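For reference, the structure is listed below as structure tokens.
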Amino acid sequence: MEKVRIGLIGTGYIGRCHAIAYAQASTVFSLKGEIVREMVAEVDPAVAKRQAALLGFNRSTGNWRELVADPDIDVVDICAPNFLHKEMALEAIRHGKHVYSEKPLALDVADAEEMTRAVEAAGVKTLVGFNYMKNPTSQLAKEIIARGEIGEVVHFYGTHNEDYLANPTTPLDWHCQKALAGLGALGDLGAHIVNMAHFLVGDISEVSGDTLTVIKQRPDPKDPSQLRDVENEDQASALLRFTNGAHGVIETSRIACGSKMGLTYVVTGTKGTLRYTQERMAELELYLHDDPVGRQGFKTILTGPAHPDYASFCVSAGHGIGFNDQKTVEIRDLINGIAAGDRMWPDFAEGLQVSKVLEAIAISALERRWMPV
Amino acid sequence: MEKVRIGLIGTGYIGRCHAIAYAQASTVFSLKGEIVREMVAEVDPAVAKRQAALLGFNRSTGNWRELVADPDIDVVDICAPNFLHKEMALEAIRHGKHVYSEKPLALDVADAEEMTRAVEAAGVKTLVGFNYMKNPTSQLAKEIIARGEIGEVVHFYGTHNEDYLANPTTPLDWHCQKALAGLGALGDLGAHIVNMAHFLVGDISEVSGDTLTVIKQRPDPKDPSQLRDVENEDQASALLRFTNGAHGVIETSRIACGSKMGLTYVVTGTKGTLRYTQERMAELELYLHDDPVGRQGFKTILTGPAHPDYASFCVSAGHGIGFNDQKTVEIRDLINGIAAGDRMWPDFAEGLQVSKVLEAIAISALERRWMPV
Amino acid sequence: MEKVRIGLIGTGYIGRCHAIAYAQASTVFSLKGEIVREMVAEVDPAVAKRQAALLGFNRSTGNWRELVADPDIDVVDICAPNFLHKEMALEAIRHGKHVYSEKPLALDVADAEEMTRAVEAAGVKTLVGFNYMKNPTSQLAKEIIARGEIGEVVHFYGTHNEDYLANPTTPLDWHCQKALAGLGALGDLGAHIVNMAHFLVGDISEVSGDTLTVIKQRPDPKDPSQLRDVENEDQASALLRFTNGAHGVIETSRIACGSKMGLTYVVTGTKGTLRYTQERMAELELYLHDDPVGRQGFKTILTGPAHPDYASFCVSAGHGIGFNDQKTVEIRDLINGIAAGDRMWPDFAEGLQVSKVLEAIAISALERRWMPV
Amino acid sequence: MEKVRIGLIGTGYIGRCHAIAYAQASTVFSLKGEIVREMVAEVDPAVAKRQAALLGFNRSTGNWRELVADPDIDVVDICAPNFLHKEMALEAIRHGKHVYSEKPLALDVADAEEMTRAVEAAGVKTLVGFNYMKNPTSQLAKEIIARGEIGEVVHFYGTHNEDYLANPTTPLDWHCQKALAGLGALGDLGAHIVNMAHFLVGDISEVSGDTLTVIKQRPDPKDPSQLRDVENEDQASALLRFTNGAHGVIETSRIACGSKMGLTYVVTGTKGTLRYTQERMAELELYLHDDPVGRQGFKTILTGPAHPDYASFCVSAGHGIGFNDQKTVEIRDLINGIAAGDRMWPDFAEGLQVSKVLEAIAISALERRWMPV
């Protein structure tokens, strides 16, 4: 079986989740390639070494350029801060590596386009970490829509709300700085719900957006007595038109008190409706308009072995999978894509498409008019 | 105690609900005036007579003009089809009657303005049937917001979705005809959620809307083999800006499969969040950001005697009130307003303001631009 | 149309609910008899007079014996304290009156038997106020079971939990005294869930019960510095065997923190399951085991006009009825039963049967053994 | 760091879950010992070999006796059918191995006692796979109770219901045969809820149980035209008395249509209540009676990094962990227990105590009387 040798850049929050998923993936799935946890890169070589040991990787480096150039790396897995995605990806592509990048793909559309062009030129394979669409429950939603069980989709409402910056005394961090994060809630969270809208409904052609920075200044992390400007939006909303004629709304916020993992959607069709919230990631609510009179209602389907990918984790329904398990499905796609040519999606092209939607929303909000994507 | 003599025009769906509420109101509340169920008007005098008997009214007429001119009527209660609201109200006002009208106040802003001017000129009192804000649960929401318990409101998401026209074989009826209904889902359902936004958050200054007519033709009710055009929107969405700086979104649909009473809202503040759905009209979800770490979460408050107006129906919490009970609260406001000068709200001025928002959304959708209200 | 003249004894908590229901019943339903709110009895004649005026009754008395003897009374409606039910009912029956009594029918089985024998001898009609089974949602549950939609019932779990005595500083009141209340939580609340079990599943043949008095003493209401003994149970649980072979469990508590209207049931059949909680009185959850694989789940049915009695209140689904509306259905049964001979159930015989089950549980708990009912 | 060499017997349903957990455990937690996936035993040596490769184990055998005798094994992990637990455990203990056994510990109390005595004599360490108590959410429940946040526990209601045998045409399998399974639903599922009751409330001193075999015969798996007797209970219920004075009820069923992972509990205390269902394993509902009047209600706490063990999986609240992650916590306890002497619980003594409760329920049901544990 072909080896797929991973070079992981960044082992913070999401990098650690990747590592957990690498660790379990070959036990969960019968993969078409062998995962080799080859190298970890961190800024500090000592940290890199310690993390490599903890996370089960063979080697480590304090210089990510070493990693992307290493001949024994097949896939560069970018879990570094957003502002570095572009440079790392381009450098990896230049060395002919496949690239698995966390979202958002880049800070803006221009960068995402440059990256996508480089991928096309080099012919390497890519994957972007929109893991929520890998949840068996959302895969089931996709299946129900694709089979026409709810008819034609006429409306989509989606959110990705969290409250990690709801407290005004939380110091300014990279999320709030354009040079480091690009967009605010749109880039960090909105990217997921735009990808989900693409996945479930299809391409978005036009948007009318509005954004708000509620907490306009935050304490400087180095000197809390000083306030510094928040440079991007805390929350955003947008009207959407899909190319297939459906309308919709998406919203995102990083100050939505009480939303811990508020990725939610309601997909309304001509024959039925789906409702979902990621905080109850094992449940999909399905309403079918043709159910008998007096017996209509939303049915709560608990994800189980009858649904995509679930049985690889557990053969009994309702036992539940977790956040890292979504990443494990994603890594299954990565390994099978690279080792056996299985379809890898969402790829950079999708990452670019998400960026286009997000940027159109931001510009629309600024110019206060509808924008084509 | 002063008598308040009611003349009810129309005893269909909502007229009957009014009648039920009149029947119980004086038993539920210690009213400041005595309700006299004086006269019913229906197009057919025989129907009027039968309905008067069933609903406990003293007299009946087949001519509403007779009712509004009757010297023994104090309040004209308009539950007739929407397209008649204006003419009836103006005629009632001309006779010096107080007017209690079902929503929407009129088919368009011009009519609503004319009616409101007439009211001001005549000095009569008015009330519009936005009953959902009378539910103790939404009154509690208002109280929580007014006391600052969730801080400053930064976002409002509201819907009023139903599915009464989701079936494409349902024949065309008055809801779908501009001359009889004015707007579609916006006028019939959206009016409620705009009023609720006003009640909970405040005035709306600008909107960017989008509308869609999904089922473009429906069978002619007289000859189902013929299809006739649906003349107004099945669904609508709008971005909102409130005068206090909050942003928001409202949506409405009459084809939202599975939504039976889908008036919902999420009010996000700087210190907490409220969530509500009318389908669980006894429950308000409250999140407070300052709750202790590890003990945060949405709390489901069951309406009870500690909340506005509930104890008049039942002294035990969680026992529940129903749709008609909301109307009973509304009628309490009507009677106390007329007999004792208590504040009557939402009045025609609010009905007009709601119409302005709805019309701005409709025009915005047509012209694809932001509109001031 | 035949007049049904009501004499109401007691206008406290539940008496007021009766009055509200009398006020609206003829507007909600096309009754087969005419309700006449004839007379109110209270201990204090002044209170009686005032309450009669407020609640729309013609006359009043400070002596209930006058009411039950009055020739212009057809139905004696007993909303007096439990310990008086027996004497009042027997006296009413002696005067040939029909009797509508609040639950529990009596303080013990011996009394309930005496009352039931008197009814049979006199040939009068009776109704007991187990209003929760009148909710359209629970009527729907009954219909689903009766049609075999969930197969044969194999298990019933039911509760009626509240928390009105959860606070140990709440002074001792009549609920806690054997001479005034008989049983504790069992009599006050458990009676409802036993009736519901009878309604949905059938007769109970054997029980094994356990009871606990958690708060053994409470402050004397007249002198809070003194503690007085609580004489009956705060909570009770019982294993049940039904005559049809199903097994079950019921539980009740008056100190169940957080349960405001905790009448709940889960009815498991060989082909499906129903779940219900009175706190969401408009929702019935239905699971059907024969649903397609991958599309199984509990469906939340919102009560609407397709279900029993709902359309009389409102013609749109999901708009909701309230606690007092259940009483209105009950009063419809009362009036139609007396004026037109429609079936009146739950009658005194059912009230007696409920008492037998409750007493068997209490004795079983005391003697620590299974008891036949 | 000390190596902990694992020998896994059985790689079916639960054995595979163990293997997934072994694979990820050292990435999730900073363990105090090094996990070595040393050997797999299966009846068929070819299967054993293939599974060892898939699950990342070094060696394999077709003879479990070889595994338990192997000098390079420190822990014998028993995921074989229940009827083999005793023999395997005794043999492992005889070889001085630590034993990690799936539940139920044994088919009856006599066997469990023999096993526990052997453990004590040999001084080896043990762990039993009651993984549900390892969920951060149930650990939070425990913490809330232990801190007295809900006061003294006065009532426990718990279930473990599933529906894997709800279909009467499902052929008879080992679950239904006494020689292979011992008890029915009690042994397979009830064991979990008894352990949870011990964990949350404390020891159980007396029980009164009832059981029912609903589907008395099932098709022979080898010849479906023949029916064979089901030898143990499909469902069971029991009244409980805890040594600390609390009362309770537990129920279990393997034919409870719609329950996929129906481990649920309600713990009522003198100051508050907890509610939980494993089907929403990230949510704990907490009611505190001392909350301000008008602001009382059940709060839904989403498990996050403020709660035990969650942060090791993910640093953001509400992202969710899955079934296998519970096993990962369990394996953390195993490794740290063996390598560093950390407390290992639930051990064989607890497994025995659970068996005592289950057997008391079964005997109580048979003899129809209360039984001491």
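Think of it as A, B, C and D in the order they're written, each chain with its own count starting at 1.
We adopt the following convention: contacts are C-beta pairs under 8 Å (C-beta built on N, C-alpha and C of every residue); 3 or more make two chains touch, one makes a residue touch a chain.
Going by UniProt, the chains are A, B, C, D = Gfo/Idh/MocA family oxidoreductase.
Not measured: the values here are computed from a predicted model.
Q: Same or different: at the subunit C/subunit D interface, is the fraction of residue numbers used by both copies above or below half?
A: The interface is built from the same residue numbers on each side, given that over half of them are used by both copies.
Q: Which chain's mean C-alpha position is the greatest distance from subunit C's?
A: Ranked by distance of C-alpha centres from subunit C, the top chain is A.
Q: More contacting C-beta pairs: A-D or B-D?
A: A-D
Q: Approximately how many whole Å separate the CA-defined centres of subunit C and subunit D?
A: Between these chains, centre-to-centre, one finds 41 Å.
Q: In angstrom, rounded to a whole number, how far apart do the mean CA points of subunit B and subunit D lie?
A: Spacing between the chain centres: roughly 54 Å.
Q: Using CA atom averages as chain centres, what separation in Å is found between subunit A and subunit D?
A: 35
Q: Where in subunit A do residues touch at least two different other chains?
A: 296-298, 302, 304
Q: Given the complex with subunit D, which residues does subunit C contribute to the contact?
A: 150, 154-155, 157, 163, 166-168, 208-210, 212, 214, 234-235, 237-239, 241, 247-249, 251, 253, 255-259, 268-273, 287-289, 296-298, 368-370
Q: Which of the residues in subunit D come into contact with subunit A in the complex?
A: 13, 16-17, 19-20, 22-24, 26-28, 30, 54-56, 162, 164, 260-261, 278-283, 302, 304, 313-325
Q: In their shared complex, at which residues does subunit A touch subunit C?
A: 140, 286, 291, 293-302, 304, 306-307
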